[in-house]
Amino acid sequence: MAKPVVKKEYTLSERIYLWEILKGMKLTWGHFWFNFKACWRPGPHTIPTCWQYPEDRTREISPVFRGEHYLQRDDKGREVCIACGMCAKICPAKCITVKKGKREEGEEDKYASKTYPASFQIDLLRCIFCGFCEETCPKNAIVLGREFELARFSKEECILDKRKLLLNYRKAKEEGKLKPRKKPVPVVPAPPKPEKAGGGEAKKIKATAAGKAPKKPVEKVKSPEQVEVSEKKEVAEKEK
Amino acid sequence: MDDWLVAIIKVVGIWVWVLLIAVVMTWVERRGAGLIQDRPGPNRAGPWGLFQPLADGIKLFTKEEIIPTKAQKFLYIIGPALFSLPAFSAYAVVPFGDKIILGGKEIILQVSDVNIGFLYILAIGSMAVYGVILGGWGSTNKYSILGGLRSTAQMVSYEVPLGLALLAVVFVYGTFSLRDISLAQQGTFLGFLPNWGIFKQPLGFILFIVAAYAEANRVPFDLPEAESEIVSGYHTEYGSMRLGLYLFGEYVNLVTISGIIVAIYFGSWHVPYIDLGAYLGPISWGIVSFCIFFLKVSFFLWMFVWVRWTLPRFRYDQVMGLGWRGLIPLALFNIFITALFIQLTV
Amino acid sequence: MNQNLTPQTGHGTGDYVTVNIGPSHPAMHGTLRVIALTDGESLIKAEPEIGYLHRGVEKLGENLSYHQFIPITDRLNYCSAIPNNVSYEMAVEKLMGLEVPERAQLIRVIMMELARIADHQVCVGILGVDLGAFTPFFYLIIQREEIYEIFEWFNGARLTNTFGRIGGVDADLPDDFEERWNELKPNVRKANEETEKLLTHNRIWMDRTIGVSAFSAEDALNWGFTGPCLRACGVKRDLRKDEPYCMYDKFDFEVPVGKNGDVFDRYIVRMIEMEQSIKIIDQAYKLYKEMPADAPLMARVPKVIKPPAGEVYSALESPNGELGFFIKSDGSANPYRIRIRPPCYMIYQAFPELVKGELIADLVACLSSLNVIAGELDR
Amino acid sequence: MDLKKRVEQCLGPENLVVAMAECQGDLSVEVPKSSILDVMHLLRDTPGLGFNFLSDVFGVDNLDFNKSKKKPKEKTEEGEGVEEITTKESLPPRFEVVYLLLCLERNERLQVKVRVAEDDMEVDSLYSMWKAADWPEREAFDMYGIRFKGHPNLKRLLMWDDFPAYPLRKDYPLEGQGEERYLIYDD
């Protein structure tokens, strides 16, 4: 187990230190001079490789960025979420809790479908921003937005309830940062079966989009939890 | 009485001046590092981040002083003082300009023109090692002790080539006084070169600058505080202004070393080919010579920064090998050549 | 721990000092700890102690579904999360007998090679930092940021990518990938060149790295080395060539091999591998473009993944070496046992051998050249 | 000749194969625990095999695996405890140690398995053959309590030395048993 002895063979320029050192210094001087000149440019974004973050927000965030969540509303301003609980189920960090509520008469302008989340909580301290909830959501209701400033002053602020999630939606909409709907990934077409053959290409792709993760509700959540009317009303009032 | 006053003004003035440069150097170092590394560096406090050193100073001054429970209190406290004291006092014999005539009185721009300037510098420079080793030992920390030991060995070893390089300079100029050497560098050498020490002692200059880098614990010789190996070396356990003294002491050392390099090898306040002193009045020449000297010093200060962010670090045995096997024979060779040359020409 | 450090070599009086390096130390990447017995500057013995970042990933995997484990694999080697994801996905796909569409494989190759470049850049940069050369680190890390930008535009995360799904990938390459890549490629090359200029022929660097912690090929194989550290010892082994996966057999690239297995060779091997990765990405992207735009990216996968009972081991060449996942399935929706074979785990166990008789400064150089990532090591 | 036959040829005559299985092209051989070193020597040194690289060593706890085979029918009616007792007799030993071998010349992989019963948790260490077995064996000891005879430094690797349990065993709860209290130092 003796260690191999390595013979060092240096060329002359390597041997005398100085030549390579001077070459290196020339290189660093090039960088210094380039950046020194860049320093005098106006504006916060002077040196091309550095963003002066709080002042300079010109850096483009990817449209598919996985940041702070929001709950989507549809064109009529109704909540899209149907409280199916898929997101809570798929979440690897178990940070989502959803309580289902049933839409009552006269609430059609508030909730898009018959069920809605009576409460919807995301614990940002647990969330790992994997984006599975977004991917698995059958209604595209929960979305990880482009907001990346997640620092908070207290633990309570880190728990996003439904109100905050909808507020996030409004904020994102106002800033024009709504996430475009993710393009479904084309899936290997199914082996030809008589009933599926007539489906057509578009339908196939659509059907297969759910192929990877349980994108459509695989099984119905067994029974909607009993939600007290008062709680529901509370939420409704908050909405106003 | 006037002499006293002038001396005190010079002492206080140069002290403040050197301290100021050292403080600004902390900013230059970080900003320069930033620009070399494609990032802006500290640019928040004040215009271009110029108040950064001020903020750092306030921070260091107002931080809680912590003395580790197991530290040897006396040594721990005296360490930084012993380090910064020689750093500040070494500049005393280094000139910072030619001379100025005020009220008919000729004032040389140097705190004191002793005729054993070199010896003073070497003696005072060696003192700094006490601050390092005592601080390292007093902290009762293994990293600190390692750093202190490294620093001691390095400083002691590199003092030899440093002294030998200076010896060759003494051969050339026949004096120990830095002012006399500065004065002797006026005019041209061999008819076309400025009469600067570097052209008479090219090898000596390289030896001196390498040894000086090692003495100042700068990259590539920054083993005593090699961050990745022994955390911060001898000042691992230090905080607040004690740490500040170590850090400022280092920068003051840089100023002193740059001053010596300029005074010995780079023609002090002389401009090549032109004798500005002959054209300017006594007062303006004093100021101009000071500025020229300072400009040259700033270049070498910048060199320290520049080299630091270019090179990797030596290893302990390699530093020792370079010092004893590389620099000292070369320095002796340099002395031999110089002596031979002088013997043949004179 | 200390009783264990019995002096074996050394030339001093026997007055040895135990120096504790880490787990919180500027040179320790993550939370590694080395207990070094020193005689002055030279090491008598250095014993690594690991487990400071142990998060029970394997236990966690047994309690998550197959899909849910993908984000957890991000947290193994956090310098290059994508090969971890893909390695895990490949293991599950092997277990299920899935055939991944070619286009998805190409995207995987492109992303993995980008991750490889990023990982090597970090490793080389950190090696420089640990040896006192701070500047190359920044030149490299700036380009790594650009690579992360591509990741971000791919599926929204920079570091913990959660790349791919079982049976394929989760997204197509962004539309502007070609633009970004063409912009990035010369920059990466330039950064690498500059790093080489600053370091490779600099005698200080050479002195610090050549011959330091040299290792022979037999020893390396005996200790279970893989990846750049093994190739630096002179063994031409690269899973991309030897056990091709993800269409790697279609690409033309070279496997750099070192001679001495010292820090310098590891550094050079990594530098060359980055260049080869660029070549691979170019080829893969060319193949990718030749495919129809609506070519499938996902295999047909059931909504709830329940692989048949069985046990498979599947490995790929991660930037650090062979990264393998052993999965034992009992037919349920959760894996029964997931074993991760992290490359640097095997390499790091030889650390006492690697640094025996070197100096303290070499310990740091050796450690950074091995590219030990605590997340992967402790799992 | 395919790998399965070669392995059989090599180990068969000496009665060293307990079982062989193939899953998606991964061949695994179960061998008797007492002769693991012999098997490894044979696998390494036989010319046709030449498995000269030890890729990994790890343990597997088959507690639930054994149970789940019986689960679907019986478990709903009977209590869990009762079931465990009734099935224990017929079950194979609880733990497994899996060795992943690799032949560098032919790039063939082989899983070698050893069953370890709960009452006799000692396996011969492979440290003498491959240094690579150093930490993986320590980890198997750490996580499952499987002891390796002849290992020079068999201590806990990832968990701290006083850790009272074996965390990767199936009966160890996911959230732990509150062992962190041992980390609070008194002095």
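In this document, chain identifiers A, B, C and D correspond to the written order of the chains, with residue numbering beginning at 1 in each.
Rule of thumb we're sticking to: contacts are C-beta pairs under 8 Å (C-beta built on N, C-alpha and C of every residue); 3 or more make two chains touch, one makes a residue touch a chain.
A quick note: this is a predicted structure, and the numbers were derived from the prediction, not measured.
**Student:** Going by C-alpha centres, which chain would you call the most central?
**Tutor:** Located nearest the centre of all protein C-alpha atoms is chain C.
**Student:** Please name the chain that ends up farthest from chain C once chain centres are defined by their CA atoms averaged.
**Tutor:** So the chain farthest away from chain C turns out to be B.
**Student:** Pick out whichever of the two, B-C or A-B, is joined by more C-beta pairs in contact.
**Tutor:** B-C
**Student:** Centroid from C-alpha atoms only, then distance chain A to chain B, rounded to Å. What do you get?
**Tutor:** It comes to 54 Å between the two C-alpha centres.
**Student:** Once you find the CA centre of chain B and the CA centre of chain C, what distance in Å lies between them?
**Tutor:** Computed from C-alpha means, the inter-chain centre distance equals 44 Å.
**Student:** Please tell me the distance, in whole Å, between the geometric centres of chain A and chain D computed from their C-alpha atoms.
**Tutor:** 40
**Student:** On a C-alpha centroid basis, what's the spacing between chain B and chain D, in Å?
**Tutor:** Computed from C-alpha means, the inter-chain centre distance equals 65 Å.
**Student:** Two-or-more-chain contact residues of chain A, please, as numbers and ranges.
**Tutor:** Those would be 21, 24, 27-28, 31, 49.
**Student:** I need the residues of chain C touching at least two other chains; which ones are they?
**Tutor:** Expected reply: 135, 139, 142, 198, 202, 204, 207, 219, 353.
**Student:** Where in chain B do residues touch two or more other chains at once?
**Tutor:** Expected reply: 36-39, 309-311.
**Student:** Using the contact definition from the top, classify how the chains connect: line, ring, star, complete or other.
**Tutor:** other
**Student:** Chain pairs in touch?
**Tutor:** Listed in label order, the chain pairs in contact are A-B, A-C, B-C, C-D.
**Student:** Quick check: in the complex, which residue numbers of chain B touch chain C?
**Tutor:** Residues 33, 36-39, 142-143, 146, 149-150, 219-220, 222-223, 226-231, 309-318 of chain B touch chain C in their complex.
**Student:** Considering the complex alone, what residue numbers of chain A touch chain B?
**Tutor:** Residues of chain A touching chain B: 18, 21, 24-25, 27-29, 31-32, 35-36, 39, 46-47, 49-50, 52.
**Student:** For a test of understanding, state which residues of chain B touch chain A in their complex under the given definition.
**Tutor:** 32, 34-40, 43, 48, 206, 306-307, 309-311
**Student:** Contact residues on chain A for chain C in the complex?
**Tutor:** The touching residues are 1, 3-6, 8, 10-11, 13-17, 20-21, 23-24, 27-28, 31, 49, 61-62, 64-66, 90-92, 128-132, 135, 144, 182-183, 185-190, 205, 208, 210-216, 218.
**Student:** Within the complex, which stretch of chain D touches chain C?
**Tutor:** Interface residues on chain D, with respect to chain C: 23-26, 28, 52-56, 58, 60-61, 64-65, 68, 98, 100, 104, 107, 109, 111, 130-132, 134-136, 143, 153, 156-160, 167-168, 170, 172, 174.
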